[in-house]
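What follows is a set of structures to go through.
Paired with subunit B in one complex and with subunit C in the other, subunit A is shared by the two complexes that follow.
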Partner chain A sequence: MTVTTVKESPSYELNRRKAIRRKQLTPWLLMLPALVIVLIFFGIPTLYMLRMSFNLHIGQRLYVPGFTFEHYVNLFANPLFTNAIWTTVQLSLLSSLCTVLIGYGFAVLVWLKPAKWRLLFIGLALCPLLISEIAIIFGWWMFFPKNGLLSYALLSSGLITDKISLMYTEFAAFVGLVYVTLPYCFFILLSIFDGIDKRMLEASADLGAPPFMSFREVLLPLTRSGLLVAFSQSFIWTIGTYATPSALGPDTLWTMGYLIQEQMLGKHNWPMASAFSMVLVVGVACAMALTRSLMSKRTSFHV
Partner chain B sequence: MKQLAGDAALDLESVRRTFGTVVAVDDISLAVARGEFVTLLGPSGSGKTSTLRLIGGFEELDAGAIRINGERIDHLPPYQRDTATIFQSGALFPHKTVAENVAYGLRMRKFPKSEMEERIRRYLDIVRLKGFEDRYPGQLSGGQKQRVALARSLVVRPAILLFDEPLSALDLSLRLQLRAEIKRLHDELAFSAIYVTHDQSEAMAMSTRVAVMNRGRIEQIDSPERVFHEPANEFVYTFIGESCCLPVRFGSGAATDKLGQPIDLSLEKKPSDGDWRLYIRPSRMKLAGEATAFANRLTAKVQFIEFLGDVYRYHLEAGALEMFSDHPGPTGHNVGDMIDIGWKTGDMQAFR
Partner chain C sequence: MSDIVMTDGTTPRRSLEPAIFRMLGLAFTVFIVAYILIPIVVTLVMSFNDAAMIRFPINDWSLKWYRDFFGSPQWTDALMNSIVIAVGTAAISTTSGILAAWAFERFHFPFKDLWYLLIMLPLFMPGVVLGLGVAIAFGGLQIGGYSIYGSRELVMVAHSLWAMPLVFMLMEATFRTIDYRVIEASYDLGARPARTFFEIVIPMVSTGIISSALFAFVISLNEFVMALFLTDRDTQTLPVLMWLSLRSAGTPRLAVASVILALAVFACLTLIMIWYVRQLRKVAR
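Right, the complex of A and B next:
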C-alpha cells in the first residue's frame, strides 16, 4: 500500500504549530487571574507569617528580626498551648460531626421532597448566610441567657422549673459553631444528592432492600465523597474560627483562635502568634490531605 | 370471562390513582396469566407508567386491589413485593460492578453464596454479558447497561417483571436488537411481564396481549393481531398503525367534504346519512390501475410524492380531504395529475 503524502505550503505548518501552542497555553491563561489572586492574597502573607514565626521576641517589642525555633519549642512544651490545640480539635470534630449529620438529614429531605418545597428549604438555608457572624452572635445573646428565649421556652413547656442560662458554656459555643457551618455543609451535600438518580433508590427497594439497607448500600457509598468534603470544610472553618467560640463559650474555653488573638493583641508577641498560626495552617493542610486520601479514587461514577 | 385469581401472576381489580384532580389510573382491571407478556401501550399521560408504579409499590393506590399469585399486596412496601422493575434509565448502581449489581437482589433475599455465584453467571450468560462481571456501569454502552438491568431483575425470578419503557432511551438499531432479545428471553424463560411503552411496534412485536390505554383507561386488551385488525374503537384504530382519516358527510345526494363540495367517492356499502370519519391504512390503498378491481373508489389529485426506499408515498387530496398511500413503484403520475384510489371494504373503518 502506498501512502499519499499531502504537500502543504510552509505557512500551513507554521500556523499549525502556532495553533497547537495556543491550545497548550489556553488553560494556563484561563487560570492566571485566579492564580495571581491566590498568590498575592494567600501565598505571600503565609510566607510572611512563616518568616515572622522565626523572629525574636524581646521585651515589649512586637518582634525583633532574627532566627529562632524558640516559639515552636515553647508552643509544644507549654501545656497552655497544647491543651488549647486539643480543646479546639475536640470542639471542631464534635461540631463538624453534628453539622454533617444535621446537614445530611436536611439535604436528603430537600432532595426527596417535591420540587415545590425545594425553593422554600433553600431559602431557609440561605438566611444565615445573609447575616454576619457578629450579628448572629448577638442573636445568640438573646437566646441563651437566663432571661433569654431558650430559658423561657423551656420554662413554659414545663421541662424546667427555674430559669437557666446556657450563655458562656461550651454547649453554647458548640451550637454557635454548628449554626455557622450548617448552611455550607447543606449546600455541598445537596449538590451531591442532586447528581444521584432517584430511581436508584426505587430500584434498590424493588430488588428487596428495606430503607436502611438502601441507605447503606446505595445512598451512603454514592455520597461518601460529599460527606468528606462537607466534614472537612466544617472542620477547617471551626478549627480556625475565633469570634463564635470566644463570644459564646466560657472564659476558660481557650481555643487556638483565642490564643493567637491574645498573643498578637494582648501579649504583643507577634512571632509566637505567627508560630501558632503556622501550626494551625499545617494542621488544616494535613486534615485536607487526609480527607482527600479517604475519598475513593473514582469520585465520579459518570464516566 | 373472569379469570380465577389463583391462575394469574398479577391481578388488578378496579385500580384507581388520582393526582389532585387528575385521574391518572381510572378503575383499571387487568389479569396477567403466568408466563404472559402484556404490554400497556398508550400516548404519554395515558396512565400506563402510573399503573406500573402502582404495581411496583412506588405509588399509593386510591382504590382497588392488586394481587400477585392470588395474594393481595397493595398494602406492602416495594421491598416486600415480588416484583422487579427494569427502569428506563436502567438505574444501575454506579458504584457497584456488573456482578455486584446483578447480585443485589439475591443478597437481599439472603441467597447462599455458591448458589448466588452460579445464578449470576447463568443470567449474565443469558443476557450475553459474559466477561463483563468486573466492569462498572460507567464503562458500559447504553445497550449493555439495559442488559445488566435486565439480568439484575431476571435473576431474582420475580412473580412479575415490570418494564418501564426500557428501550426508549436507546437508538433505533439497538432498540430493535434488544427488542428481539427480550422476546427470545421470554420464549426461553417464560416469565410473566408487564411492559410499558408508547412504541406500538415494540408492543406488537413482543406481546402476548396488548392493552391500549387512553386517559387512564384501557380501551382494548387483545392479541396484537386483533388490536391491529379489529380495533374496538376509533382511538385504538388511530393509535395503532398508520392511517388516513377522511371526514365525509353523506347526504341524500353525493358524498361531500366538510366544506360541502362534492367528492368523487363511491362505496360498496354506503353508510347512513350524516358525518362520518372513514379510516384506511395507507398500505391498503391501491393506486391507479390496481384500484379498478375494488368496489370502493375515490379520485384524488397528486399533491407531492415522497420516495421512502421500499415504497413511494403519494400524498393526495380530494376537495378538503387529505390522505397518503404507499405504492411499491412509481405509478407514472406526476404532481397535479388525477389518480384513482381503491380499497377493500374490510380495510376501511368508519366511525361517527
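Right, the complex of A and C next:
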C-alpha cells in the first residue's frame, strides 16, 4: 500500500506486478468457499434437475435418459397437477394476505406502545421464528383435534355441547401457515415503522384527521413498499412449504411441495418431481423479480 | 375537513374515539399473544403428561416421557445427529460467509451484483427444491467407497445453502460498521493483510461472528425438509424422526422432543445475550 521509494529497477517492477496480481486474486480466494458451496451444491443440482426434468420415466425405474417435454405437458394438462398448482397459489396468496394484515397490526401495536413493552413483544415474535416448523405443526396438531385443547376449552366453558375437531381442515392448515410466516412479516414491517416519525400521526390528528384518515393518508403511503416486501416474502415462503399444509390440512389439500415429495419419495418418478421443482423455482424467481421492479418504481416515485 | 378547527381535542367525538381504539388495541394484543403462545404452551404442558395418549384434559403429571426419550437409543441418536450436523453447518457457513463478506466489503471485482445475487439466491429457494436437487445430483455418488448420499457431511453442506447467505448478510452489515482507520493504522505499522484480518478485524466483529454462527446452528437444528431427502436411518436428525413419527402416531414423546429442540435453541440465544453483555461491559471499561 505505502510505497516509499520509487525504483525503476526490473525486480521492483516484477514485484509490483506480483503484488497487483495478488491483490486482484485475493477477493476470489476469499469468496472461494462460498462460491464452491453455491455453485457445486446449488448450481449443479439445479442444472441437473433441469436436465432430469426432460428425462423419460418408464415403468418402475427412477428415470431413463432421453428427451421429452412429456412431464411439462403433463404438468399443465393433467387436472391433478393443475389443481395442485392452483391450490398452492390460492393458499399462498390468501395466507400471505392474512399474514400481512396481522403482521401490520402487530407492528403498529409495537411501534405505538411505550418502549418498556417493546422488548417483550419482540421476544414474543421471535418465538415462532426460532422454533422448528415441526414443533409448531405438532403444537397445532394437539390443539385442533377432537381431544385437543380447543375442543376441551370450548366444552368446559359451555360454548359447545359436543366435542369438535378442526383438525385436517383447510382452516387448520391456514392457521399453521400464517403462524410460520408471521414473524418474517412482522420484523420487515417493524423496521419500516421504526423509520417513521411518530409525530406525523400527531400532526395529522392535530389537523383534524380522524384515525382512519390518518392511517390511509399518512401511514399507508409511507409503508407501502414494506407491505410489498412482506407480502412477497411470505408468498415465497408459503409457496414452497409442504410440511405444514400436508400435516394439518385435509388429505385432498395437495400443494406443489407435497406433490414434489410424493413424486420423489413415493412414486419414484424423478423426472416429474424435477419438472415440478423447476416450475416452483421459476415461480419464486418471478415473485422476487416482480417485487423488485415494483419496489424500485415505488421508491423512485417517492424520492 | 370541516372539523379542522378542533385543535384542543375537547370535542366529544375525539374523546370517544380513543376509548374504542384502546379496546380494539387490547383485543388485538390478546389475540396475538394467544396466537403465538398456544402451540408453545400446549407442547410444554403435554410433555409432562403421564398418559400414553394425546388428549385433554391431562389428569396425571410425570416426567415419564422425558425418561422414555433419553432411554431410547433411536431418539438420542437422532438428537446427536442433529447436534453434529448443526455444529458442522455452523462451522462451514460461518467460515465461508465471513470470508465472502470481507471480499465484498473490501475489494472491487467485476460482476459484483451478479455474485451477490448468486450467493443470496439459495436462501429464497424452497427446502423441497434444494433437498431434491442435492439428492438427485449426489444420490449415487461414492468417493473411495464412502457413500456421499446419506452422510452427515452432505446434510451439513445442504443446510449451509440456507445458513451461509444469512451469515454473509449479517457479516456484511457488521463489517460496514467498523472503523477502517484502525485497519489503515495496522497496515501502516507493517502488518500484512492476513495478520490484520485475524488480529484486528476478527476481534472487532466478534459479536457478529458469534451471532451468525449460532443462527446457522439454529437453522440447521430446526430444518427437516432437506434432511428428510438427504438422510437415511442412521443419520436422520431429530426433526426428521419427529416428522416421520408424527405421520404414524403422535405420542407425548414428540412433545418432549419439541421441548428439547426449543431448549437447545434458547440456550444458543442466551449465549448470544451473555456474549453481547460481556462485550458491552468491555467497551464501557
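Going forward, the second predicted complex is superposed on the first by the 252 of 303 C-alpha atoms of A that agree within 3 Å, B and C clash if a C-alpha of one lies under 4 Å from a C-alpha of the other, contacts with A are read in each partner's own complex, and residues count from 1 in each chain.
Going forward, a residue touches a chain if its C-beta (ideal position, glycine included) is under 8 Å from a C-beta of that chain, and two chains touch if they have at least 3 such contacts.
Just so it is clear, the structure is predicted and the values come from calculations on it, not from any experiment.
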Query: So, does A:Phe187 touch the first partner subunit B, the second partner subunit C, both, or neither?
result: neither
Requested in this report: Once the structures are superposed on A, label A:Gly208 by its partner contacts, choosing first (subunit B), second (subunit C), both or neither.
Outcome: both
Winner on subunit A touched-residue count between subunit B and subunit C: chain C
* To do: Would you sort A:Gly257 into first (subunit B), second (subunit C), both or neither based on which partner it touches?
  => second
Can A:Tyr168 be said to touch subunit B (first), subunit C (second), both, or neither?
neither
First (subunit B), second (subunit C), both or neither touched by A:Asp197:
first
Would you check which partner chain A:Val218 touches, where first means subunit B only, second means subunit C only, and both and neither mean what they say? first
Subunit B and subunit C footprints on subunit A meet at residues 206-208, 210-211
The subunit C residues in contact with subunit A across the complex are 1, 3-7, 17, 21, 25, 28-29, 32-33, 35-40, 42-43, 46, 53-57, 92, 95-97, 99-100, 102-104, 106-109, 115, 118-119, 121-122, 124-130, 132-138, 157-158, 160-161, 164, 168, 187-188, 193, 218, 221-225, 228-229, 239, 242-243, 246-247, 250, 254-255, 258, 261-262, 265-266, 269
So, in the complex, the side of subunit A touching subunit B is made of residues 197, 199-200, 202-211, 213, 217-218, 221-222, 298, 301-303
Subunit A partner, complex, touching residues on subunit B are 56-58, 77-81, 83-85, 87, 89, 91-95, 104-105, 108-109, 136-139, 152-153, 156
So, in the complex, the side of subunit A touching subunit C is made of residues 1-2, 24, 26-28, 30-39, 41-46, 48-49, 52, 102, 105-106, 109, 124-125, 127-128, 130-143, 147-149, 151-152, 156, 179, 182, 206-208, 210-211, 236, 239-243, 247, 257, 260-261, 264-265, 270, 273-274, 277, 280-281, 284, 288
